[in-house]
Each structure stands twice: as structure tokens, then as C-alpha cells.
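Please find one structure pasted underneath; my questions will follow.
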Amino acid sequence: MTISRGAAVSNEAVAMPRKSRGPWALAFAKLKRNRAAMASLAIFLLILIACLSAPLYARWAGVDPFSSTLDAVIQIDGAEVPVMEQSTEGLGLGYTPLGPTWRLGNYFLGADSQGRDVMARLLYGGLNSLFIAGAATIFTLIFGTSAGLVAGYFGGVTDTILSRFLDVLWAFPIYLLAISLSIVMIAQGITIGPITIESGSLWLPVIIIGIVYVPYVARPIRGQVLSLRNSEFVLAAINLGVPGSRILWRDILPNITTTLIVFVPLMMALNMLTESALSFLSIGVQPPDASWGTIIQDGQALLYTRPIVALAPGIAIAISVMALNVFGDGLRDALDPRSKVQLGRD
Amino acid sequence: MIYAILRRFGQMLFVMFGISVIVFLIFFATPGSDPAARIAGRNASPEVLEAVRHNFGFDRPLYVQYGLMMKKIFVTGDLTSFVNRGWKVVPAVLDSIPVTLSLVFGAAVLWVVVSIVIGIVAAATRDSWVDKLLMALGLLGISMPVYWLGEVMNLMTQSRYHDTWLFSWVPPLGYKNFSDDPKGWFLTLVIPWITLAILYIGIYGRVLRAAIIESMQEDYIRTARAKGLSETRIMLRHALRTSLIAFVTLFGLDFGALVGGSALLTEVVFGLHGIGKLTYDALQNLDLPMIMATVMYASMFVVVANAVVDFIYILLDPRVRTS
Amino acid sequence: MMLSVRDLRVSFRTHEGLVRAIDGVSFDLNEGEILGVVGESGSGKTVSLLAVMGLITDPNAVIEGSIRYKERELVGLPAKELRRLRGNEIAMIFQDPMTALTPVYTIGWQIAEQIRAHKRVSKSQALERVEELLAEVNFPNPREAMSRYPHQLSGGMRQRAVIAMALSCNPALLVADEPTTALDVTVQAGILDLVRKLRTTHNSAVVFITHDMGVVSELADRVMVMYAGRVVERGSRTELFSAPQHPYTRALLGSIPPLTGEKPRRLPAIPGSPPSLLRLPEGCAFGPRCPVNYEPCRTGKPTLGDGGHAAACFRVQA
């Protein structure tokens, strides 16, 4: 007895004839319907614009956020207020920085232990945090994708060596790897061939954060490339004698772009947290430059007297990271709902 | 099963070796700098530099240097700090391990229990406001820097609300040995445990919810319903039980990240003298031998812990166990 | 009358509108009877029986009509009471044995779980019963099979385990949803034998869902043919096979390969495909694929008449 195919045509009972729109347009339409994701994107863009206008804000407020101004005196409602107040507690020897004035352009969030305008530093710091997170994301994607492509496409010994190396890097706790890399580089900078990176450069945290997450991108990409490599259309191209580089570029890369795009916001969220942690450990952004992490570290000493110094950058990080995560989730649902890309961990 | 365990064991040894080589290369073979100068610390005299050079074999081939370093860290344990003159590094690391373990295991218990509850509740009330609220809170937990959360906790429990009934029990920062003062040990660790757990509760609650919802779509859940089981039993014995496999896998991956990362930051914020705090202090002094030792020990511990979790995984999943 | 379904309607609210998966299905079932339900995928045969089992959990589903089991109305019955029937008096066997069992528990555990859910017995008593059941469904070594995990058994063996599970509480009604579709032809015969034996040993009534007319011809006492959420023809097996009335039934029968004689090179297929339930054609749902061109079919919806053998077709009724 056989199952007769004539009568057993399987058909989706509720399948709908759709207007033929490209997959990108469909994904974009789906993303646009996701209100939480769009709101998150808007919030993130607002933060980005605010941080980009840091120099404007500093000039408008007339403050220099990178040099200590312990003896500055500002005007509040006509009264003169010193930025550093003589402490009234204990022996009266210490100084307490000005608290938040809640007046934009006039020490809105108060001063830090150097008498610098916290609001201005927050914007400058955000600029650095966002730059590092973004640049490290690009770094990771470039190297992770290359490693994944090469390992997955060429297979054999190349794959074995690369994969083993990635396994080791994967098993290496992120912060310990970052600490090892930083301690070596931060003190003296690094010279690779013609490129020299100074010890205080912002590029150092970019490279360090970029390196530690390479396996997080390379491993899933390798898996995807591996299955594409064995798909009909690639095998056909190989049999037709299409050169490998062309197959990689024309057939395989376009097929992994959705995964890569989904990685971007999630990766960036992760990088922001990592950057802030490294800066907090004093192996990220180096003074006098600021990032949200270094401001939190500065604020640690003032935690019980002027908590706003540490609170504000933390809130900024939490909002940015959350916005990126929500947007990233929405992007994944729209582009690649079946993928298991999940980066939101520390 | 024996084969699977042996394989995993071999993999563990390979990864340990690989990590030790990477650490070695980073510290001793980074181009453009003199490792002896870094180890000896700032303002070292030429004699000290010379001694370091000889001691670590920098005048000999790389593999000899690697052997010497491994011997100093794991065999003889006679690596000394140059910043804190003559301080034996390895005993200091070993002394700090119980502190880190107390922090990590307590937090792990908390986060596993709470996130399972959250995952179940969210999956059971899928798409309701309870689910949405729990998931939003989870996302918030994931998005906060853990050390910052620790500071906020300190601000509330040590300063702002310390004198209220809510937090008056919180002892000053620091660590108490369990053997000396079990109650003090517990009380000092409660806030750090909660801080560390919040991040992971967010992640695990979300992952578990997704896994349970996925399981609930499976055919065997329909079978379980057809059997006439109660929804509670279906959720706990069928959907949750199969979802736990994914949960444990993730646990294995994150445990490492935790010990080597978030726990380090948490220790710093709460003044717990574990491996993380030791590393942090060494970072501030650029005490390279100490950093080398903490990085090496902590990563080895992480690799072993990951392997142990995988063994548990093998026991949990009959598909792996019986093949 | 053990089971009596009257004017059952199941619809799903979707983004694109209301989908009527089942539109006015009625049938009866006597004790010890085997009813074959035939139709293509999407014809509503599975959904209608899931409704009987109370297994439609989709919150967007709307179930109307009446399902009376032993004089008890099942539609609107509280979940707790329904659960007491399910697995106990009414059991179900699913299509794909590969996924129907929870992967992390042994066969024995899973069957015992069902027994213990309905009967007040000890664990060891339940396990004894499991062993009997596995022997009954022809496991060569029941005691050993009990400690097996699903992935360690072949598809046929798993389906036997699922059947053993369904039988564990001596159900009065067994719903089998394409239990042989996912299996090898050689294994199919064994499973069908088992279902047939059931009726004699347990005196259970069986609803056998399939898209395979061949299976129906071997097994069923009475047959119900479904198309686009409605019953298009019902009758006894002999009536239906010797004198099919509805053009759709005829087309289905035409697609069984003949058991004797020369095999045709190609089985005649029914042209076209089943309609989308969202866009049912005006008039008879089968109209666009029907080889018969008849004017009334374009406007009115034919209904199934009374009587043992009936077809929902204007041509036949005319």
C-alpha cells in the first residue's frame, strides 16, 4: 500500500497570496511595526546626537571638562557659589564639589572632585564610550567574519587550526583576556609593523574589546558558511569552475549579511558594557580622556557625598544598552527570527 | 557516556594548554616592549632587571621561558611580586579563592532559583502584562553595568537607607571567613550576591522563558495534554525539564564569564578580597607577576568549571548519556 | 450512541480575518465501531478531532456546536473535568511518533505517568501494568523496553509505545491521527493490525484519521470524507467504496493504486489544490476543482442530507 500523492497534496490551508515584496522590504515593514524597537532606536539616536554635541555644549557653558578648575566660582541666581565647597563635616579640611544645579549650561549635574562640569564630561565621555563600542563592533565583525568565512569555506586543516584557536579564545574569560591584553598595551602602547598606537590612545580599548569578542561572531558565522558551502547552489558554482574568492563574495557573503546586521546592535550593547567595565578597572580609556566608565570610577570616591557623579553615567549606560538590546531584538525578529543570536550577556 | 566524558576531558586539557600559551605570549612576546621591564615594575634598577631577565629565562628560547613560567606559577609557586617586594604571589592567590567561590556560588544559587521561577511565570502568563513586566525588568538587569549596580546598592544600604529598618542589618563592606563567623559571612555576602545575581536573573529568565515557550509548541506537549495531565505538571515535568538542558548549556558558558568578569567587578565594589580584587589591586600597581598568576589561576578554574557543567549536561540529557 | 457531534464549528481569529477551519461537522460513533475520517491536509479532519479531545489550546480559537460523549456535553466542560476524561476514557495517538514522546523520560515512566494520573495505583503497580501493555503491543522484550528512552527506539517501536500509552487506561474511545503516515510501509501493516485487535480486546471505538483511502478500505466500518472544513460524504465502507457519490470521493478513490492488474504509469491526480479557508469560493467549495459542471454549485452551498449514506452535492441530490 502506498500513500497516493495525487490526493495527498499538502497545502497550507491559510496560506495567503501576498504582494511580492523583497525580503528586505518585508523585514523593514515588520521592524517599523515594532513600536518598542522603533522607540529604542529613537532614544539611542537622541543619546548619540546629544553626545556628538558635547563640544558645543562645553563652549556654550564656557567650561573646560578636561582640566581641573578647583577655584572656579559660578553664578546661581545672582549669588556667587564656589565649585568646591569647604566641607562642614568632620575637621572641615576636605572639599565637597558642587551638587547638581539643575540649570542647563551651568553645572547642571554639579562638579566632580576636580571641579569639572559633570554634564560636559558626561557628554564627552558618552562620545568616547559610543565611539569605542562602535569601532570595536566593526573590528569584531571584520575579523570575526573573516575568520568564520575562511574556516567554514576552506575547511580541512585551516578550519581545524582556526576553530581550535577560536575554541580556546572562547573559553578564555573575556575580562581576564582583556586585562592581560590591556596591562601589556596600556603601559607602553603597541607597535605592530608600521603602526604605532600610543599608550593613551582610544584605539587600544577598541582593539582589546574587538579581539575578545571575535569568537562570538566567528563561531556562528563559520557554522553558517559551512552549511552554505554544502548547499546546492554553491556546489554548482564550484563545479562550474567559479573561483573561490568570487563564490565567497557573491554567493556566501550576501547570505550571512542578515546575521551580521543582527549582530551589530547586540554587539554594540555588549561592547558598551565591556568598555565601561575596563575603564572602571582603569585599563580602558585613560585620563584626561573620559568615558562613562571612567566617570563612574571618579564618582566612586564621591559616592556618599555627591552620588550623582557616579549615578548619571551609569543611568546613561543602562539606557543606551537597553535601547540597543530592545532594538537588536526587534531587528532579529524582523530579519532572522529563527536565529539564536543572543549576545546580551556580560 | 564514558567516551563523551573522556572527550570533554581531553578538550578541557587542550583549552587549558591553549589559554596558558596565549597568556604567556601576551605577557612575554608582545612586540615592541621589554617583558623584564614590565615584570620588574616602574623604576627598577638595572641589577633587578638583569636578575629578572635571568630568572625568567629571557635570554633563552621561548619554549624554555614558557616552561619556566608554568613552573613558577603551578609547580614551585615561587613567583614573587616586585611592586610589593618579595611577596609570594601564588599563596596570595590561593588564599583569595574561597572568597571568590563564596561570592560566585551564592550568587549562582540565587540566580538559578529566581530565574527558573521567573522563566516559568513569564512563560505561563505569556504576552500578559506580568510577562511583559518581568521581561522588561530582566532586560534592565542585563543592561546595567554590574559594578555600577553594586555602587547603587552600596549607596542605598551603606549610606542613604542604612539607618532604616530595611538595611540596618547590612554590615560594613568587607569579607568575613565562614569558619570564624558564619553569620557575618552570610550577611556581608547577601548584597553582593543579589547584585551579581540580578544581571544573570535577567539573562536566564529570558532564555528560560523562550525555551519553555518553544518546548510548549512541541508535539510531546500535546501528547502530555492528551494524557490528561494537569497544566502545572505539563509545564514543570515536561516543558521545563526539557528546557533545562538549554539552560544548563548556557550556565556552563556563563559561569566562566562570571568568575572571570562580573565577579571581579563585584568584588572590587564590595571590597571582597577575592581573586578579582587581587587582580584589580595588581592592575592599579602594574604588578605583572600578580596579574599573571591571577589570570592563569582564574582561567584554569573557569575552564574546569565549564567542563564540570558539561558533565552535568551529559547526565541530564539521555540522548547524550545513552549514546 | 457513545459519541455524538452536532454542527461543530471551529474558527481561528487571524490577522487576515476569521478562518473557519471546521464549518458544521456532525457525526455519530457507536461502541466498538471504527470510523475512518478521510481528507487532504487542511480539510479539517485533525482539527475536528482535536476539538473533541479538547486539545485546541490556541487562545484565538472559537469552538461552537455540541460534542456529546456518553450523554455528557464536552463543549464548555471545565478544564479539570475534561482532563479527567482525556487519556482515561478518550485517548489519542498522534501522527509522528518521533516527536510525540518527551525525549528526557523513559518509555516506562511516560506510560506510568498517565496511569497514575487517572488511577489510584502505586508506582510498582503502574509499572507492572506498563509491562503488560508493552507486551500487548508486541514489544519483544517489554521489561527492557520500559527503561528505554524514545531516541533509542525505532519509529515503529515508538508508535507502539504511544499506542500502549493510549491504551493504558482502557479508553472507550481512541482517536488515531494518521498513526501510520510517518512510518515505513512494512511497519504500517503491523500498526493497523494492532488497531483492529484493539476493538476486539478492549471494545474501544476508534476514530481513524487518514488521507489514505487504502488504509480506510482495510480498517473502517464507516467512513466520513472531509473537504475544506465540511463533511462531503459519509457512509458505510461498502457503500462508499462500491458506490461513491461525491465527485471528490470518486477522485480520491481514483488515486488509490489498484491492488491487482497492471499498475498505471501515473495515478490520476485531482487538478488544482484545496482552497484557502480564508477565501472559500462562492457556492460549493469543491466547485473549482470539480469535473462536473453544474449551475447550482456556483451559488449555493450543498449540505449533507440525512441517512446512512449521504453526499453534500447538488448533482447527487438532484
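All chains are identified by letter, namely A, B and C, in their written order; residue positions are counted from 1 within each chain.
Everything below uses one rule, namely that a contact is a pair of C-beta atoms (placed from the backbone, for glycine too) under 8 Å apart; a residue touches a chain by one contact, two chains touch by 3 or more.
Computed from a predicted model, the values in this text were never measured in an experiment.
Most remote from chain A, judged by the distance between CA-atom centroids, is C.
Of the two chain pairs shown, B-C and A-B, the one joined by more C-beta contacts is A-B. For the pair chain B and chain C, the distance between C-alpha centroids works out to 53 Å.
Remark: chain A and chain B have CA centroids separated by 22 Å (rounded to whole angstrom).
Within chain C, no positions touching two or more other chains are listed.
Residues 11, 14-15, 18-19, 22-23, 26-27, 30-33, 38, 139-140, 142-149, 151-152, 154-155, 158-159, 199, 202-203, 206-207, 254, 256-262, 264-265, 268, 279-280, 283-284, 286, 288, 291, 295, 298-299, 302-303, 306 of chain B touch chain A in their complex.
The touching residues of chain C, counted against chain B in their complex, run 53, 55, 57, 79, 83-88, 91-92, 94, 96, 99-106, 113-114, 117-118, 149, 151-152, 162, 165-166. Interface residues of chain B, counted against chain C in their complex, comprise 218-220, 222-231, 233, 237-238, 241-242, 245, 316-319, 322-323. The touching residues of chain A, counted against chain B in their complex, run 164-165, 167-169, 171-177, 179-181, 183-185, 187-192, 196, 269, 273, 276-277, 280-283, 293, 296, 299-300, 303-304, 307, 310-311, 313-314, 317-319, 321-322, 325-326, 342, 344-346.
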